[in-house]
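Just below sit the structures, each encoded as structure tokens.
Paired with chain B in one complex and with chain C in the other, chain A is shared by the two complexes that follow.
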Partner chain A sequence: MKFDALIIGGGRSGSAAGRALLSRGLHVCVVADGLHLGVDGADPYAHLNALAREGATVLRGDRALRGIWEEGRLRAVQTVKLEDEPIEASVFVLATGKFFSRGLLSDMERVYEPVFGADVSFLSGRSNWYAADFFAPQPFLDFGVQTDPEGHVLFGGVPCPNLYAVGGILAKGAAAADPARISLSTQD
Partner chain B sequence: MQEFNISEGNLEQCLKCNLCTLVCPMMQVNEYYPGPKKAGPDGERYRLKDPDYYDYALKYCLNCKRCEVSCPSGVKVGDIIQAARLKYAGHNLRDFVLASTDLVGSLSTPFAPIVNATLKARPVKAVLHTVMGVDAQRKFPSYSQKTFTRWFRKASVPGGEADQSGFERFVRFYHGCYVQYNYPQLGKDLVKVVNAAGYGVRLLEGERCCGVALISNSFGRQATRQARANIAALQQAVAAGEDIVTVSSTCTFTLRDEYPNVLHLDNAAVRPHLTLLSRWLCRQGPLPFRKDLHLRIAYHTACHMQKLGWRSYTLQLLRQIPGVEVIELEPRCCGIAGTFGFKKENYAWSQAIGQGLFDAIREIAPDYVVTECETCKWQIEMSTGVPVLNPVSLLAMSIV
Partner chain C sequence: MTQEFDVIIVGGGVTGAAAARDCALRGLRTLLLERGDICDGASGRNHGLLHSGARYAVTDPEGARECIRENQILRRVASSCVEPCDGLFITLPEDSLEYQDRFVQACRAAGIAAEPISPEEALRLEPAVNPALIGAVKVPDASVDPFRLTDANIIDAVRHGATILKFHTVTEFIKEKGRIAGVRALPHGESGPLEFRAREVVLAAGIWTAELARSAGVRIEMLPSKGALIIFGHRVAGMVINRCRKPANADILVPGDVVSVLGTTSDKVPLDTIDDMHATPEEVDLLLWEGVQLVPALASTRVIRAYAGVRPLVMAGGEGDGRNVSRGIVVLDHELRDGVPGLITITGGKLTTSRLMAELVTDKVCEKLGVKAPCRTALDPLPGSEKRHPKAEEPYFKRAAIGRHGSEADRMDFKRGREIICECEQVTRAEIAWAVQTLGVRNISDLRRHTRIGMGTCQGSFCIRKVARVLAEELGKPELERDFIADYLQERWKGMTPVLWGDTLREAEYMQTMHRDEI
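Coming up: the complex of A and B.
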């Protein structure tokens, strides 16, 4: 399967990015883990159904496993359900959210992004991740994927030219990708 | 610590978010069902302490696996419930008859006209309802007088085994009970489509029913025996370097996922080679489609198709057929859940779950509903009057 844009994550931000790219005439695929929009989704199916009606291919209940790279660009993404048939695209949008949706994972030492291994900003020392006061701002909520000013995801500080990030997965202050910029870069 | 603590069905990963409860079709209609979270990971903790905590309301689980598809933490909610039912639930003669598809099918096909007429007779339905607990309102699928394999092996039939020898490449066909005993035409359609793709069809040696009905009716020992026979049959095909194609989403899901996850059988050597025909066809060249069709079809994603995650293959193929308008129905459970909807105590729930889907189909009024699941077909045809086709039959209609 080959698309102009592959959105990884079918939540609020992934759906919005999908619709913005569809409206620019792109051939869009959304890998939407789960059947739901998110814990706050009052109408869990509405956004994904609208996307499907408007012509996007929505892979519900599937999850991105890893990227397939070629000369510094992301060429395709392998998913759990499509197994040995990676989904190819010109541009990719990472919209997998934060911890609950497993867009970010953590172990005792680090917070990491599991699909691509993108740069993630977090505080060192696990005890610094939480504030003792439950009602105080929690530092871990600011952790997330780092991007350049145009929203390209960083790897070792170097931006990937065709992988963008939007929504909850972004670190505090990181730039979200603009749909117009994403749509333009399909012509690169 | 958490990542090294692996429990059965990943139960310790449950965060109690209740997204599974949100998508469970049974929770919408049946107040007696505790819901997937409580029946699955919550209940399992208690059952591990004392089997007396087994709750007989687990019989209301449809085994649709929508809970698993929705779980953000990878908990095998449906598998935990199925495993508990296999371990603790009882069954009766009605359940045995409904679950023994091979036995009942092979006894019924030689007398198909009599069996079909008898099952439609009101007095018989009344007796089945009262004595056996099979709902009188449910329409039974008809039996075919000739099984699929008998047709295939007959030397003189076009498309049969003798005709297949002209091909250089082959796939094996796991036909399943529905094709074998009820609707051989679907098997003939598969042969036509596979031949059009340039491959010959071979049958498996010693194929048995996949056992999904045995699993959901708690006949674990019988299901395991059939699964072992099937894995051996599939291994022979893989050893010959041939892929195995199927037409039913439920059989495919059972052979691929229920065997390792619920019956704990190792099918790793055959699993990657077993696939629905639509997925297999997407890897082949274009089919020789006719150009004179004018059809409006609605595609229904069966729950096990949703779990397999392969509907995009089918939709991609159907959209290639000239003159066919494809409308995607919102993925919903039709409510029949195999043998569940045949049981008189479940009939009302079964119909209530499917109501939203039936209404959506009536509103669209397509020429056909298309779905990979045979029991969804029975439910939708009975409840809406709209004819239902397997995608393979639509493809067979659409090629020259």
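Coming up: the complex of A and C.
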């Protein structure tokens, strides 16, 4: 399967990015594993349904496993259900959210992004991850992937030219990609 | 107005509750004063382990004998609080089989049925143990619910005429002609203290005994020893699993209902920190590091919470980390010891020996008062433990309540309140109403201790609003609903933060999203 754009994550941000790319006439696929930090009930599903009606390919109940790279660019993504048939695309948008939706995982020492191993900003030392007061601002909610000013995801500080991030997975202050300006050119 | 009693017990932990019951059973007019809720201190912050005594057989044979006797008694009289799951002491390659031999001999000398079994047999009995083990000993350890045990004592004390006043802080001892003649205690939310008089006052306040004793004019040197524990979201093992070596950090895993508790640490802490005890991320890391040696599956099991209690150890001279100091039962007759009649202290000991501690201090009270009634607590079953087992035809939620409270569940009004409020633990409105009426529950934390509400894997994330509403209704104080929610979230947060990674961090984000903007 090959698309112009593959959106990884079918929550609010992923759906919005999908719709924006679709409106540019692009061939869009969304991998949506159905875990939304959802107090908005059926809303994310309505968005996905609309995307599907408008021509996007929506892979429900699937989850990205890892990327396949070629000369510093992301070429394809393997998913749980399509491990043997990686989904190719020109651009990729990472919209997997934070911890609840498993866009970010953590162990006793670190916070990481499990699909691509993107740069994640977090504080070292678990005692710095939280505020003792439940109602105070919680540092862990600011953790997330790092991007350049155009929203390209960083790896070792270097932006990946065709992998963008939007939504909850972003670190506080990191720039979100603007789907209207995502370039399909392979030259950048 | 002054109220008169034969005996006042200060402290509503398991020891104070058992002492109140024993005194009441012996016909004494008994008052128990507790500054917070029942089981607020170390009684509610421990492993929930009913020791067989095996852990102390090598280092403290007398303590071991006490434990096995009490273990056998509580299995009988507190059957609804005890799960007779048995325990294993495992020897790992880095430990010594010679120590295991010594251990078995010491157990047998103390009267503990210790049965060496092969590693294969150990793995068959308990598949969760580290398969690298080179030896194992089966012992009659058990799991005991400290909340239920304390509640059962309180309920029986009340039925035998005792007065239990929670949320009453003792502010002053009444001294007359050189003797302690009672106390003044301030009910929470009131402006002035009440006066209570008695012929004997018993201090059973755990680690807070030192401060109370000081204000009564006697000196007790105590060594606050902090023990941190962590709770796993599953019943990883069906038996108590111990390490067969000299007692050390994180070498006991105890199953309790549907969870498992791993602990503990033992660190001396300053007396001025005992009111704000919480586990730290560093303690959690240490516990887990050691715990996976016992049960490797702990490495991949969700940790839902960490907590800490303070052991009320009494200084026997010298300094230590808390493991070298006597954990034996200490009854202090302050008339003999300090020339202060009317005051007795009961401290030291363990959850396992709480009934015996109560018996010893009640004996002392009776001796002082010239009362000759014999102790019956080793024979009479506690409320809830009168052989009431769930029947298959009873609805599931009622069977869950019977599992928690034994025959007390028959006093719950399921006709009125059959809706399930906490789904993890299957707690109904009827059980909440019972806890309000019978146990004087005043907030969600109280309710949690007495019903397990919010103790399940969701830690209250899903049920907290329902719980707050129903509790406020049952109390007839709907205006408290929002405060209940805020207080409870804060209380859960305290236990979650030291273990905030993996799935617990996932849940934390969920909890924050669901609840933080509401208050």
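Keep this in mind: the second predicted complex is superposed on the first by the 173 of 188 C-alpha atoms of A that agree within 3 Å, B and C clash if a C-alpha of one lies under 4 Å from a C-alpha of the other, contacts with A are read in each partner's own complex, and residues count from 1 in each chain.
Going forward, contacts are C-beta pairs under 8 Å (C-beta built on N, C-alpha and C of every residue); 3 or more make two chains touch, one makes a residue touch a chain.
What you see is a predicted model, and the numbers here were worked out from it, not measured in a lab.
In the superposition on chain A, A:52 makes contact with chain B only, while chain C stays out of contact range.
By the touch criterion defined above, A:135 reaches chain C but does not reach chain B. In the overlay built on the shared chain, the residue A:158 is in contact with neither chain B nor chain C.
Of the two partner chains placed by the overlay, only chain B lies in contact with A:1; chain C stays clear of it. Once the two complexes are overlaid on the shared chain, A:123 sits clear of chain B and of chain C alike. In the superposition on chain A, contact is made by A:81 with chain B only, not with chain C. Contact with chain B, but none with chain C, is seen for A:61 once the two complexes are overlaid on the shared chain.
After overlaying the two complexes on the shared chain, residue contacts for A:107 are found with chain B and with chain C alike. Applying the stated contact rule after C-alpha superposition, one finds that A:34 touches chain B and leaves chain C untouched. 39, 100, 102, 107 are the residues of chain A that lie in the contact sets of both chain B and chain C, per the superposition on chain A. Of all residues in chain B, those touching chain A in their complex are 3, 15, 17, 19, 22-23, 66, 69-73, 272, 283, 306-310, 312, 315-316, 328, 330-331. Of all residues in chain A, those touching chain C in their complex are 37, 39, 98-100, 102, 105-108, 125-127, 129-130, 132-135, 138, 140-141.
Interface residues of chain C, counted against chain A in their complex, comprise 280-282, 285, 288, 486, 489-490, 492-494, 497-498, 500-502, 505-510, 512-514, 516, 519.
By the touch rule above, chain A contacts chain B in their complex via residues 1, 33-36, 39, 44-45, 49, 52-53, 57, 59-62, 79-85, 100-102, 107.
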